[in-house]
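Consider the two complexes below, in which chain A is the common component and chain B and chain C are the respective partners.
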Partner chain A sequence: MDICTTYRHKLRDEQVNSAPHLRSTTLIATLEISPPLAAILALSELCATSDAGTMFELVKALNEGANSLRRNSSNPISLNAGCELFIAFVTLFPHDSVPSAVRADPHCEFEAIIEFAEKIIPHRQALTYRTKIAELSVDFIKDDSVILTHSYSRVVMESLLLAHRRSKRISVFVTEARPRGLGLKTAEALTAAGIPCTVILDSAVAYAMEKVDFVLVGSEAVVESGGLINAIGSLNIAIIAKAANKPFYALAESYKFHRLFPLSQYDLPSHNPGILSFPSPVETDRAAEKASSSASSESRSAPGAPLSSSITQEQIAQNNPDVDYTRPDLISLVFSDVGSLTPSGVSQYLVGMFH
Partner chain B sequence: MATPAPNPPTIRAVENLAWKLRRRQIVGSRATALETLLVLRQVISKSKFSNMEQLVTIIRGVGRRLVEAQPKEHSVGNTVRKVLHHIREEYHTATQGTAVTATTGFSISKFVLLGQPRKQTAPPKTENKGTLKENDPDDPDSFARGLKPVLMEAIQDVLDELETVYDNVSKNALNHIHSDEIILTLGMSKTVEHFLISAAHHRNYTVMVLETAPSYGGRDMAQALSAAGISTFLVPDSSLYGLMSRVNKVILGAHAILANGGMFAITGSLLAATAAHAHCTPVVVCAGQFKLTPLWNLYHEYGALDFGDPSQVLGFEEGSLVDKVDVVNPFYDYVQSNLIDAFITNDGDHPPSSIYRLIKETYDDEDNEL
Partner chain C sequence: MAAHSQTNGPPATPTPSHPTQKSMTKAERRELQEKQRAAKLAQKQQPQNADSPNKQKAKPKSDAAPRRSTGAAEKQSSAADGSKSHSKDTPGTAMDNDAGTSISRSLRIFSHFVLTKHGHGVKGDIHPCIIRLALQFSEFRICGANARCIATLIAFKTVIQDYTTPPNNTLSRHLMTHLSPQISHLVSARPMSVTMGNAIRQLKLEISGSDIDMPEQDAKDLLCQKIDDYIRDRIIIADEVIQDLACKKIKDGDVILTYARSSIVEKVLLSAYKQGKRFSVIVVDSRPLLEGKALLQALTSTPPVSWTLSSASLLPPPPPIPCTYALLPALPSLITEATTVILGAHSLHSNGAVFSRAGTALVAMMAKQHSVPVLVCCETYKFSETVMLDGFGKNELAPSHLFPAPAQAPNLETLNPLYDLTPPSSITAVVTEVGLIPPSSISSIPMALGRMNL
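Let's turn to the complex of A and B:
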């Protein structure tokens, strides 16, 4: 079985299924499935089809599956969280919970694990996770509040829409979130649902912060320090929110809890030497030459024109990170389906889970 | 399942307390907690139930009634939650092995929950006395008969904790107050009073007490402290900021401690805590664990405040003014968690960030809404 195909299948499958809903209801996106969950589903399928005879072999097969998923993914962080959680679950969890009669027989235990693995995540469970989080966070959204959110997050959408359904008059600022521009998607969906929503430039966050009551963001992963990994720009927002003394809330399903302890941006698994690299001197010379020649040959009549139009958006995006790490001291609360936690609470959970 | 109604005498006891709470004949978190506990004890001893659910429903019903009577006295709800938690615990010990625990499905979410801070498992106090049989058709009272003595013991435990709360809070006062320090406090808090007096047995230090207008609880506090032989200054509220540079530590009492580590405390506490923050003076809060409230400050900072009697601010003797101004006298301040350095409780000292964990250990999640 090719695990990568399964994974992609899982992701796509759900999206295809949810497509009709996109048109018919405002409950968009909630039916989609996120990478960690797809990874868990793919791995549990691997469990079910694997011919491993012992626990050791099963874990090995799972690790291999997880590795190949990682290799084939451009942004492995959230996917990794899912894989790790599942493997830890398989290796640690059942030992305490299998009935003692089963525990006596190692082979039975092994079969029991596979059985658990198969039913561990019913497809719709992702939905209940988000509903739970939305229920938790909706208490924190008071009537008449102005919320700043970043990029597009399914769980944030669910919370905002729930607040709207509960007749809370909210209005939302959403950042454009370059380079992917997913903020536009959020804006469209919210406007369609009847929530006043304005897209702001990523560079206008500080300008807008004064009007904002609190910040609500989703997450790629929540890490052991209690910090947060999310689409690039979240750190900026968190720092500005802290400076303006505004609460910064993160929403994270529990399958996004990731056993990772980054100390800086450069400790993230998504970091590679290409990110933020300076061009080599040769390239710089050439670029400068080009710029000067174009400046001299073409007229100087357009002072407002960009200095060098030779850099494209794609080139910028290529050298830039996709995600950033937000330190725990900048986060007010993390809402998860296990409860609303302080960042230190998140780290207690994570430490407790894997040790 | 029909819930057996509690019999008339217990209803009367509950209503009685509800009215007292409503009329504010009982105020203060410890007093209300004690009264609630006594009523609960009466309810449990008198009520008829033949299984766990019925018992829990009865207690919840009583709890809801009392909380609705005075929603700002958080310790009422806390006591009910704590009793429910103890009851469940005793029930599980008593029925260990006999009751079939519902096997729920396994899920990642449950696995994550496993990582939650481990509850301290107290050694089982009671040995398994026979088998407890729920819903016995021949003898519907057998369950209640079997469980009641254990429950009474559990309630007694809670009661003991409440009664010894001052002693236990002040147990390690010596570690917090050093010789020749200047301590600032405000309002009248029995917990803080006991704490300071117990430290005074071994240390020689000075206390500054703010008058704490408009209730002037600070005056009573100053009197009590100086009667105990502590060198005490009573200072007006307005001099707070000026004095802060000379203060080594601010010790406050609390009305309720919230899950995020913030607290409700007597008006003036926020001012004192903010001034202390500006001077980097440590702020320490003394409170019993019955004040732990499973609430997050839900933005309703203003609405969550309790309003006191406006006549303390503007009396009727100034009649010509009374109908020209609106007088508000908020009784409590909400102090955010980042302004507090430590909570000294009857069960150890805790930073604000681990309060939520204590709350998870003390109450069952399902009881957060009674």
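Let's turn to the complex of A and C:
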């Protein structure tokens, strides 16, 4: 079986099968299943259809499946978290809880594992995770709060909408989040729900920080150090919030907790040497020629018009990172379905979970 | 005892040439005491050339007390403790190790650290293995937390095998009392390391849990097996796991800075090299032990002898690791070059502080200032449940007969504390066999291992 097609299938499937009884506003937030859950689903199907005879073979097959998923995905971090969680779960599965009659037949045992997994990791209940987190965070949202958020995050949407439904008056600043511009999506969704929302430039975060009560961001992954991996720009906001003494809260479902430990920004798995590299001298000369020729032509036509540069937005986006790593000392609290944790509490939870 | 001697010292009767004690000022009284003590000392010195520890301990106490007004209380407490030579952390009075001079002086600071002179005789029934080990410890031939622990456990295996339970006694109860003087003998050579302490505690647990009905040889074999398992699981295999984890953090082109010589850091660097990674190393070293030289030797003697050119691959062995060697004062100039700092540890405390060779704290703090990530490689058996806030409470001074100061003077005392404490804020991550852990979560390690105590 091709695990990648199954994975994409799951991603799409859940979009179609989401519960119809939900109101339209919440439907927007829960429409897409997150990548780690889709990965877990795909891996558990792999488990069901595998012909492995022993646990060792099964774990090996799962590892191979996880690797092929990683290779075919553009942003493997959160996917990784889901894969590792499932594989760790399978490895640490207490075989004593499986009745001995079942244990004799490996296939039955695998089914037992999957059944157990479906109870412990309710992949069809992504909604409950987000709801739990929203419930936790809503207590921190006081009436008349001004909240700053970054880019688009389903969990943050859920929390803000819940607070709004609980009749709290909130107003939201959302960063544009270049280059993907997902902040606009957040702004549209919030405005449609009736929450006053303004899009601010990424560069205007420091300017606006004094007006903000606290910062609320989602996450791609929460790492072992207690730090956060999120869309590029989160570190900027965290540093500014720390300097301005504003609390910085991160929302993360527990399946996004990852055993990664980045020592620096460049220690992330998504890092490649191409990011933020300087172009070779030949290219810059050519670019300079182009720029000067276009400048001369431009200056003749419209003296006040800006230089049309030969650097496109796509080029910029390619050369720049997608995610960054926020250090744990900049984060006040991490809200998760297992409770509200301090950054050091995250690693204690991870250590307890993976052993 | 000091208090007692003080009252015995000065005679109460004043001579006609001297005013009464009450009319003298405090300083004058002290001078008088000193003179009388010096006279007594001169008398005592002549008949006694062979020093016994108790007498030697008494002398500096009586000399030092009048000289240091603030130290009186400390002296009394250290005197009381000094008489108990069997306690594990015996703070004794510090002595000048100059055998020739009769003037013994006390240290103004660190006097609560042990600075014993070895060779004060063997008390009781000490196994020759242990005697040899104690000599090796005191001569610093076996140095390093892991090495000392492994050597101690191997020596104990011999002791256990040679032990016979006396009649009307059980192994599980009597073996412990048999081992206690052996342990104290080792402690008198050099203070117990945390690793030795944890290992011995585990051994005692195993002994007390041994089955009474088991025949003696079987019980002894089982204990030796347990000791082997402990060494294998908590040290050897833990080291392999740590090597794997730490190697993942080493990339091509890295400049790794390390300090002194840690057995685990050496293993990490060599295994990363064997995996084919190209990196360079800066070894920072300091006096008096200059352990970095040995690490430099190990790193630059690549390709290691074990490399063989098989006929299948006639590729030449990879180039050796480029190394830089510098002393600690050169650190600020070099730290900007480093991409990662990897350090070893003597022990890890539950507040996340790392107790390691003196100088480690400097390296870690400087690295933090320059935003260089600091990795401390440490096995979980080095974990101590205590909380340590500074390097003063519990430390060890290097004996000056082994590491003499460059200049000798009668009023010069050299202090060589061997350890210092690195605060958790300077450390980025601790690499243990349970994974990379931020220092603030060290206290969750026992939970990770599924045990309540280590």
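FYI, the second predicted complex is superposed on the first by the 302 of 355 C-alpha atoms of A that agree within 3 Å, B and C clash if a C-alpha of one lies under 4 Å from a C-alpha of the other, contacts with A are read in each partner's own complex, and residues count from 1 in each chain.
Just so we're on the same page, a contact is a pair of C-beta atoms (placed from the backbone, for glycine too) under 8 Å apart; a residue touches a chain by one contact, two chains touch by 3 or more.
For clarity, every value in this text was computed on a predicted model and none was experimentally measured.
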item	value
Fit-or-clash call for chain B and chain C when the two complexes are aligned on chain A	fit
Partner chain(s) touched by A:D139 [first = chain B, second = chain C, both, neither]	first
Partner chain(s) touched by A:S347 [first = chain B, second = chain C, both, neither]	second
Partner chain in contact with A:I40 - chain B first, chain C second, else both or neither	first
Which superposed partner A:N230 touches (first chain B, second chain C, both, neither)	neither
Touched partner set for A:S254, first chain B, second chain C, both or neither	first
Chain B versus chain C, judged by how many residues of chain A each one touches	B
Contacts of A:S264 with chain B and chain C, given as first, second, both or neither	second
Touched partner set for A:V338, first chain B, second chain C, both or neither	first
Chain B versus chain C as contact partner of A:F89, first or second or both or neither	first
Contacts of A:P328 with chain B and chain C, given as first, second, both or neither	second
Three-chain overlay, closest Cα atoms of chain B and chain C, distance in Å	5
Shared chain A surface residues [contacts with chain B and with chain C]	344, 348, 351-352, 354
Chain C residues within the chain A interface of the complex	249, 340, 371, 373, 375, 428-429, 434-438, 440-441, 444-445, 447-450
Chain A - residues contacting chain B, complex	40, 85-86, 88-89, 93-94, 97, 116, 119-121, 125, 129, 139-140, 142, 254-255, 257, 333, 336-342, 344-345, 348-354
Residues of chain B defined as touching chain A within the complex	105-109, 111-118, 259-261, 296, 298-300, 353-354, 356-357, 360, 365
Touching residues on chain A, where the partner in the complex is chain C	224-226, 259, 261, 263-264, 267, 328, 343-344, 347-348, 351-352, 354-355
